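Single-structure report; data block below.
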Amino acid sequence: MVIIKETPYKMAGRMYHIEDSLISVGGHNSEKVIFGEKFQIIGGPCTIENRKQMLETAKSVKASGATVLRGGAFKPRTSPYSFQGLGEEGLKYLSEAKALTGLPTVSEIMDSSQLAMFEDVDILQVGSKNMQNFSLLKALAKSNKPILLKHSFGCTLEEFLLSAEYILANGNPNVILCERGIRTFETATRFSLDLSLIPLIRELSHLPIIVDPSHSSGISSLVKPVSKAATVIGAQGLMIEVHDNPCEALCDGPQAVSYKDFENIVKSCEELLPFAHQTKNPFLGN
Amino acid sequence: MVIIKETPYKMAGRMYHIEDSLISVGGHNSEKVIFGEKFQIIGGPCTIENRKQMLETAKSVKASGATVLRGGAFKPRTSPYSFQGLGEEGLKYLSEAKALTGLPTVSEIMDSSQLAMFEDVDILQVGSKNMQNFSLLKALAKSNKPILLKHSFGCTLEEFLLSAEYILANGNPNVILCERGIRTFETATRFSLDLSLIPLIRELSHLPIIVDPSHSSGISSLVKPVSKAATVIGAQGLMIEVHDNPCEALCDGPQAVSYKDFENIVKSCEELLPFAHQTKNPFLGN
Amino acid sequence: MVIIKETPYKMAGRMYHIEDSLISVGGHNSEKVIFGEKFQIIGGPCTIENRKQMLETAKSVKASGATVLRGGAFKPRTSPYSFQGLGEEGLKYLSEAKALTGLPTVSEIMDSSQLAMFEDVDILQVGSKNMQNFSLLKALAKSNKPILLKHSFGCTLEEFLLSAEYILANGNPNVILCERGIRTFETATRFSLDLSLIPLIRELSHLPIIVDPSHSSGISSLVKPVSKAATVIGAQGLMIEVHDNPCEALCDGPQAVSYKDFENIVKSCEELLPFAHQTKNPFLGN
Amino acid sequence: MVIIKETPYKMAGRMYHIEDSLISVGGHNSEKVIFGEKFQIIGGPCTIENRKQMLETAKSVKASGATVLRGGAFKPRTSPYSFQGLGEEGLKYLSEAKALTGLPTVSEIMDSSQLAMFEDVDILQVGSKNMQNFSLLKALAKSNKPILLKHSFGCTLEEFLLSAEYILANGNPNVILCERGIRTFETATRFSLDLSLIPLIRELSHLPIIVDPSHSSGISSLVKPVSKAATVIGAQGLMIEVHDNPCEALCDGPQAVSYKDFENIVKSCEELLPFAHQTKNPFLGN
């Protein structure tokens, strides 16, 4: 057990909130799911490419067991010459897909000026590159929506929790953490995903923590084994990129999995849920 | 000489603009200085704490040879509980200091909604944590002001130049690069500053590149030797944090230098200018 | 699936040896176990402290299901003032423990001049700090013993496999790989263990790969969840540090687990074996 | 000034030995040079390829101002299939080159069993990959020769000084430190060389510290600017790889400089010596 000690984050820490936080998502014009209660599987395309792709992928991931639908409309691409996403048009397709499947949705927001466009999006995602964009964090804290906060590839665990603290301290308690690996000297994988951070976060914080196995390695054959390991180590959900034809994806194709692979991954992870590691709550001693 | 090859950045590369870029700063209600032409020294407090401190520091750094005045009004602190800066009030003191000394100014902007407040600031600084905040980069590209873009501690050199490309490609050619070190496993210094990136950037890009020796190590005794090394290796300027009483600084005191140390550093660097490394322009072969 | 391509290692790669390698250990004066065939669990003290501790720990880990016994006699400590191990005396206790339990043994060798002392040790361990001590690798290749090669915390996956190649190319095909994390800027754990390297190694190489969950995080509460995740992701074994009283261990106490915890970990991992990820062999397409 | 505090290394620290250490090299059948007193420039081939190359390079670097001659005979190559050096034959050519030029010599030793072959080598180099090969460090401590200890690319500054401590504590006070960069996520250069470690080491330790600008970046055009920066920041010497025809070098050609470039670098660095940063001795307050 981690020795309990003063941490620089307060509201994100277990001292402040001993029991696991339950973050309720959707429920108005979509199904309601609760992060921190049941294992949640977010599936969908990295990038929304067109209406047909979005709707078909949504139906497929729903049929395979996804409980939340993802779809990127605004993409923070490293190069200004890479496809930047369909923007508002993409969000419309995402809404249609929600209406069609009943799945609540998540999409990345890059700027608080986009908030109006995200009205029908159920979870606002803050991407890795914006984890320390504190203006954005403060602005999103003023909305009522759950925030999916991704760990910056250039930041420590403590900084990750301090960014969550920015949202909590500014009035929004609904933060879902997402681990996706950090930058290291290793070049065989795109990022190094230290899964031991999951049980560590669960000791330190009450916030739900999920894993993104698609971005971490950047290699599609690794998505399934990493998903299984994340499930067993105690992650409270997964976020997986799914594409109808990964070879032709406009963005990050090499890390996307097919409809069939996704179905297979969901099944494998569900089988493992009874074996998932239960982190001891340092305050309850259970 | 680096072999010239296709680079993912275009406008930031030497193929697009063979000669060094000259970035003109100030000149209306302040002195005019040109980055890329002469060696520029930016000095001033990390954080503007009060009017007296700002004005006194401004006078002192001007007397010591600084050519640009810095002062942080909006501070992207890792923790929401750390001092976040004086905000608009701080910018007023910075304007007063400009009027007093004639020095053009630079201050960090965290959000495009702050642009109106920065009207009298001569250079808009994008901090390390916002280097990949592409919404901010695009918004600032629409302003006419020079942008001081700091290298993110979590990003590669190529990503740094691609972030500069975002500004150039969106219409603002006036980008000044600032190197400040990256995250590594070394704990003796706060960041690892690989100065060999300076001559490398000068081969690859036409944009002026300066060095921040204060943030890189986080140790005040290292500011002078790092400044000297940066000068000799071909940096086109320095940005140094100066405090009237480093021990009592509200932010980053351990890395600030005193008025007297700053004067001493400027003198040492000026002596070294005749010995500064001249990177060969791969297109001109000089 | 990883695209098959020319790799700088030859004999360590699947092109050279398509089927999984089976490495036979022990069998003369101990039980015989085969790495690559069944899941192997190595347990025992980080450091052999005295005869009683070694023998008791051996009996305990055997009873809990360990198939190989570990015990450090020569310890490559970062500081010359740290306890350097009992040396030859320690190896005698390890031999006694083998005789008592029938378990084959593994211990770290730091120098080829120690080979004679290691005659009764079944597996020669090359520690992380010596992964690129090529003189040692070449010398050990001349012995007939299986080598447990740990991944250096400062080296890439490719360099890890090239160090294995040094042993194979110099005549010893019996190499067992051991993953234990690398150095990164993260400070919450001692090392960052990217478990996705396990299925990646299993695609690239035919050599058995096990995981050391004790050294990676350096936190005892994480040993169990990491062991479970490693099992599910397809590791072919584990190496776990066990101490009768972790709080009083002479070396690395904070990462050791108690007898009871070890028993519990073994049980949990055995339950998960039917669910372990089966990496597709890129040459057999299964 | 670094706050003086208890350090895990004792004999390598300034508390133990307040004044700079002077390490005397050569003097029997070669010129005598003193590290820590004057600035020393080590030049020569990365790898000794043949007699002619060694002798010609030796004459050239001597003429250009080198004070110590380097030449690799045993090369710890990452791959077993790369050229491993000429071994004992190479050392003979190095001895001939010493006789010809009068320069003391340095060459890398990989194993204590090679000690007899190194009798005529003046400085024993411990390479980056062997910095934590403690058996080797202990064995070399028993010799009387000065040791050039290179910083491992995977280790911290503190570990570097603790490896020096292994040599000092085992009886050999003649350690010369050599900085050459560490592994990071940056890929534009081979290693990231944080030169601010040089003045930091000079505060913390009395041992002479030199810089290897050839291995750090791995780019020949950066050798000169890095050499100049290292000189100005207070390094007490340089070690530079020189090749008669860098394009045809058997090992590490891309980072070697030509005879003419070397001459030019030496001249530039000598000009800068009067401006070299003088680290304040924290005990003498000068």
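Each chain gets a letter, A, B, C and D, in the order it is written, and its residues are counted from 1.
Note that in this section a residue touches a chain if its C-beta (ideal position, glycine included) is under 8 Å from a C-beta of that chain, and two chains touch if they have at least 3 such contacts.
Note that the coordinates shown come from a computational prediction; the quantities given were computed from them, not determined experimentally.
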The chains touching both chain A and chain D are B, C
Indicate whether more than half of the residue numbers at the chain B-chain D interface occur in both copies; give same if so and different if not. same
If you take the mean of the Cα atoms for each chain, which one ends up farthest from chain B? C
Out of A-B and A-C, which chain pair has the most contact pairs? A-C
Rounded to the nearest whole Å, what is the centre-to-centre distance of chain B and chain C, using the mean of the C-alpha atoms as each centre? 48
Rounded to the nearest Å, the gap between Cα centres of chain A and chain C is 34
So how far apart, in whole Å, are chain A and chain B when each is placed at the average of its C-alpha atoms? 34
Pull out every residue in chain D that's touching 2 or more other chains. 183-185, 187
Interface residues, chain D side, partner chain C - complex: 8-10, 76-81, 110-113, 129-130, 132-136, 152-155, 159, 162, 165-166, 169-170, 183
So in the complex, which bits of chain D are touching chain B? 1-2, 156-158, 181-189, 192-200, 203, 213, 216-217, 219, 221-222, 224-226, 228-234, 268, 271-272, 275, 277, 279-280
Sites on chain B touched by chain C in the complex: 183-185, 187
